[in-house]
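Below are two complexes that have chain A in common, paired first with chain B and then with chain C.
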Partner chain A sequence: MASSKVFTRVIERRGLRSEISAAWAISVRIWKVELSYPLSLLWFILMPFLWLIPMVLAGSSVSTGPDSAELARLTGIDDWVSYIAIGTGLMGLTLSIIWGTGMSLRREQNVGTLETLMTTPIERSTLVLGSALHNLQHGGLGVILQLAASTILFGVTLNAWGVFPALAVLALGVIALQGVVYAIACVVMVAKQGWMIVEFIGDFLILLAPTAYPLAVLPWFLQAASLASPLTWTVEAFRDALILGPGAPSLLTAALVLLILDAIYVPLGLLLYKRTETWVRKRGALSQF
Partner chain B sequence: MTNSAIVCDKLIKVYRNRRWEKILPPRYYLKEIRALDGLSFEIAEGEVFGLLGPNGAGKTTTIQVLAGLLIPDSGTARVCGIDPVTHPDEAKRRVGVVAGGNPRQLYNKLTARENLRYWGHLYGISGHVLERRIDELLELFGMTERADDVIEKFSAGMTQRIILARGLIHDPDVLLLDEPTVGLDPKASREMRSFIKKRLVGESEKTVLLTTHEMHVAEELSDRIAIINHGRVIALDTPEALRKRANGGTILDVEILNANGRLLQTLSTNGLQVLSSGDDAENPALTRLRLRAEDEDTALQQIIEAVLGHRDARLIRMDVREPSLEDAFVFLTDQSDKEAAANA
Partner chain C sequence: MHQDAASPTTEGGQRERTDIPPRVLLDWRAARIFAEKNLMISLRYPANIIVWGVVPILWLAPYVLMMTALSGSAGTIRFQELSGFDDFVKFAIVGWFVYQYVDNAIWSIGNNFRWEQFSGTLEPLFVAPVSRVSILLGAAISDTVFTTLSAVVLLGTSCVLFGVSYSFVMVAPVILTLLLMLFALFGFGFMVAGLILVFKDPSVLTQLVDTVAFTVTPVNYPVQALPPYARFLAYLVPATIAMEVIRHLLIDAYIEMSVFLTSIMFLLLLLVGFWVVGLAAFRYAERWTKERGSMGGF
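Let's look at the complex of A and B:
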């Protein structure tokens, strides 16, 4: 009978593969709900350009042409349009991950499904992971759209050989960022209405990252702080790979640093998340608003 | 000997202030609340067990502990022999949780089929096994034709059916139904009760823990009922035995026109227990009383004499019946409240 096969499947469900399968199902569900709101889709397509265009206009107003000698001196890249276009593309991805994933538990609570989700045998962290998968796809598509439009509209040129190294660095950066996101999810679990903390963390990470300006223009203490941010290394190396190609000097250093940050942030984030979730269950605060 | 599907043993859950809150004036923080205060009961496999109690008695807290959503301060709980605190994932495979009165447990922009598929995936079911299970459940709940409509187009009754289907998607041994008929109209409520009785319990032999405020629901469905108050069980028995716990006697529902406080006092003085009294909303001069008496004949005489002894008072109606579960509930919880107040 179908029901006994069902029960067998449920009992046998365990291991990483099951969690990834559940995370994928969560990701697909979020897509389905999001795409049922047409305006949401329109916003998703237009949003990356709303950040980029003002920056291009600002750059045009202070620059005499498409090249900047000062930028070349500080970063080795003289094409400031390409510099900003690629950086702001990653900014969109970052915000998608931080906001979309960090607030995932709160969203489920607002929908009314959080407690029900917590009664299933998925790992608590899988709920956040599923949201992260969706936001990675969401933000990733945004990066592709923005870069494609930038090449067409603003004459941005990308080094095709740099795509794979860029993706590799991006993958390492996203993994480390996921550790940060788990910590953000803890804040939301406890504070409930923690959007201002999420906003602060997201904005601070972006401030420290060379999305639209080189690190050298930051005060020395912010430059020092930026070394601990995975976003800093990711943006720098991703852009260098796409502009300078696979031989960009920053690539290897960034990859090594990101591997170290992955090894620190992910276990730390997961541990914090697990402890916070247990604390919330002890206090009976899961369903509180 | 039947095995126990659910065991709660001396569960305690106290909500306390956080240390820093104690520096604030009292009106800014909650006093200590003992949501569960040594709660203990066992439910046999295949049994339907009703959990009745006033608001704040601990019903939902009990469900949350068994569902692995809440960690008690002490005591143990077991579902199918598994502790949901130490082995939550194992326990959750065997438990289905359905909370009534909250239609937002589903994703309104997804169809019924998409919702069930999603929840099935979370339980590790996929492929043709999942699709057949979904078809089975949709047919069981008479929702096959609406399977591909989005939830937001459903009525409350239809939504509740899909919520119940979701709770069954993984074919659990134990179902925790937290107020499953809340918010349903009488017809939908009756259909839900019929389903639980015939299909869930009769055919599938699931173990069901049911919390409800509705006495008739508890009475109709439950093999045994526990009445809880202040976080502990104050009575546990079959519905029939519990009715007799309403301190025996006879219940009289009386309507008197122009009754006043002196008349009510006269009734009490004559040995009649006033269980409840209230004025009719449309005619404030009409007072409805529910009285309990040891002897029916004596009570009738006392009521008539009391009414005749008060000018302007008129006896409009009087119904005599055996104590109901509601009467037992009110009696037992009142007793419990008085004991709690005395011990405070």
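Let's look at the complex of A and C:
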């Protein structure tokens, strides 16, 4: 009788709190799986440095000191090491969200748990949201590690007053990115072996974003395309806030644009996801490889 | 299939094969058949050749754009002093072209048995009466053919996109250098294959090995940009010497004979070293895995 009551309660669960709780449970479960591989943990700690070091070495091979007159002319920031270290800090977070979340359904499919998860009384989009929550924590810790290492190893100085606005802009950017990720999950659901598309979208978004260079060095058509990417505005404002502080001129514009992108990408991504999921289920192709 | 009339008969009435030749260290026929099998599978997905020829441009472009943003042009005095070349775009494209083979050694050759494991064919493959080295070599050959096609697409597309050109008058020394590097990298790939047999989950290990190799090899920057202790590590990766030689041949269309011969000797030494260490590491890993009964485990 007691188990029947629990079962009824589980089936009748509704509301935002229940979904957040389910997303949290998914996030914790992914952490447990990841931490059961010691090499994964080592990679997680080393990854932020290993991605930054080749960039710094490439920069040092063309620049004689820590300042670049050309970069100062293009951006107003002459300290190129800080510019690159903070910009590329968001690269790991972005890739973590795009790969981890975009491929989350495929991963469940590979281990044979997708159909079981789909029959649980949670919103289908919560499956992706739970994975996004995990990747946000995973990638977020990576950003903290990279910024800490950059400060210790390369003498990068961060404006402490800019931390709060930087986090606010990051939150807006991650929300818009979630819309993009829902669209990627749709591609993976339909194409199954969607890693090629995920690779391409992830790399292309990073190419468009001013992580290690200003937009001015991109060809005009890529500059135009980059304006539609939430990552472009997030990286620019995040870095400006941490270098120039809360008075950075790009902050307000970036926040406004990101709010607009949030309002467009999230509903669009969710709609696309729901339609695709229904379509795939109707074709009985959910667990097909 | 031919059966010896004198073969003993089992309880089920089937004849046992007695004409199976003993395993030898290297069976070229088996390697060729395995290479053909892998190539047939690879060529079923021709889009992969284009994708792997184009995607690395998305990895190369950020470096070129960053170096342009810092220097304002395609070359600086500092870069020329360090590398001996005045155009870092030309420099980096050759680096990425050659690095495709390092990626191949790590991701394709090293992970080959893992893919067989995923396909459920690893254990049947391991009971076949051929040496594992032949299987690995077959995989290495087919992966190299596939990588060469992608690398040529990468070189051609990059030349068009970045508006650079190279001299192809010294093709023979370029091919010789590439071949020596490739065979040395095969040994490196065997070592990675052994590691993956032991550790199973290849994604993290492969990423780690690949990222360290990428950092120390002069793909985007010259070896001189590395700290002195890291330069020693760089020269242990066969691609470092190969990149330096091929850059001279393709960009300057000239290399001093003594430098070229020294580089070839060094590559030969690396080739022997990597094959000895790679084969020993693989055999040890295979024995270790078999003793624990975890060959087909995930």
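Just so it is clear, the second predicted complex is superposed on the first by the 282 of 289 C-alpha atoms of A that agree within 3 Å, B and C clash if a C-alpha of one lies under 4 Å from a C-alpha of the other, contacts with A are read in each partner's own complex, and residues count from 1 in each chain.
Methods note: contacts are C-beta pairs under 8 Å (C-beta built on N, C-alpha and C of every residue); 3 or more make two chains touch, one makes a residue touch a chain.
No experiment lies behind these values; they were computed from the predicted model shown.
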Chain A as common anchor, with chain B and chain C clashing or fitting: fit
Contacts of A:Glu70 with chain B and chain C, given as first, second, both or neither: second
First, second, both or neither for A:Thr120, with chain B first and chain C second: first
Partner chain(s) touched by A:Thr232 [first = chain B, second = chain C, both, neither]: neither
Touching partner for A:Gly112 - first (chain B), second (chain C), both, neither: first
A:Lys282 touches, of chain B and chain C: first, second, both or neither? first
First (chain B), second (chain C), both or neither touched by A:Ser40: second
Vertex chain A; arms to chain B and chain C (CA centroids, nearest 10 degrees): 80
First, second, both or neither for A:Ser60, with chain B first and chain C second: second
First (chain B), second (chain C), both or neither touched by A:Leu218: second
Partner chain(s) touched by A:Ser131 [first = chain B, second = chain C, both, neither]: neither
Where chain B and chain C come nearest after superposition, their Cα distance in Å: 6
Overlap of chain C and chain B interfaces on chain A (superposed complexes): 37
Of chain A, residues touching chain B in the complex: 2-7, 9-14, 18, 21-22, 25-26, 28-29, 32-33, 36-37, 111-113, 115-123, 278, 281-284, 286-287
Residue ranges of chain B touching chain A (in the complex, touch as defined): 13, 15, 35, 61, 64, 67-71, 88-90, 92-93, 95, 97, 99, 102-107, 109-110, 114, 118-119, 121-126, 129-130, 132-133, 136, 150, 166, 169-171
Residues of chain A touching chain C in the complex: 37, 39-40, 42-43, 46-47, 50-51, 53-55, 57-64, 68-71, 73-74, 80, 84, 196, 199-200, 203-204, 206-207, 211-214, 216-218
Residues of chain C touching chain A in the complex: 47-48, 51, 55, 58-59, 61-63, 65-72, 76, 78-79, 82-83, 88, 199, 201, 204-205, 207-208, 211-212, 214-215, 219-222, 224-226
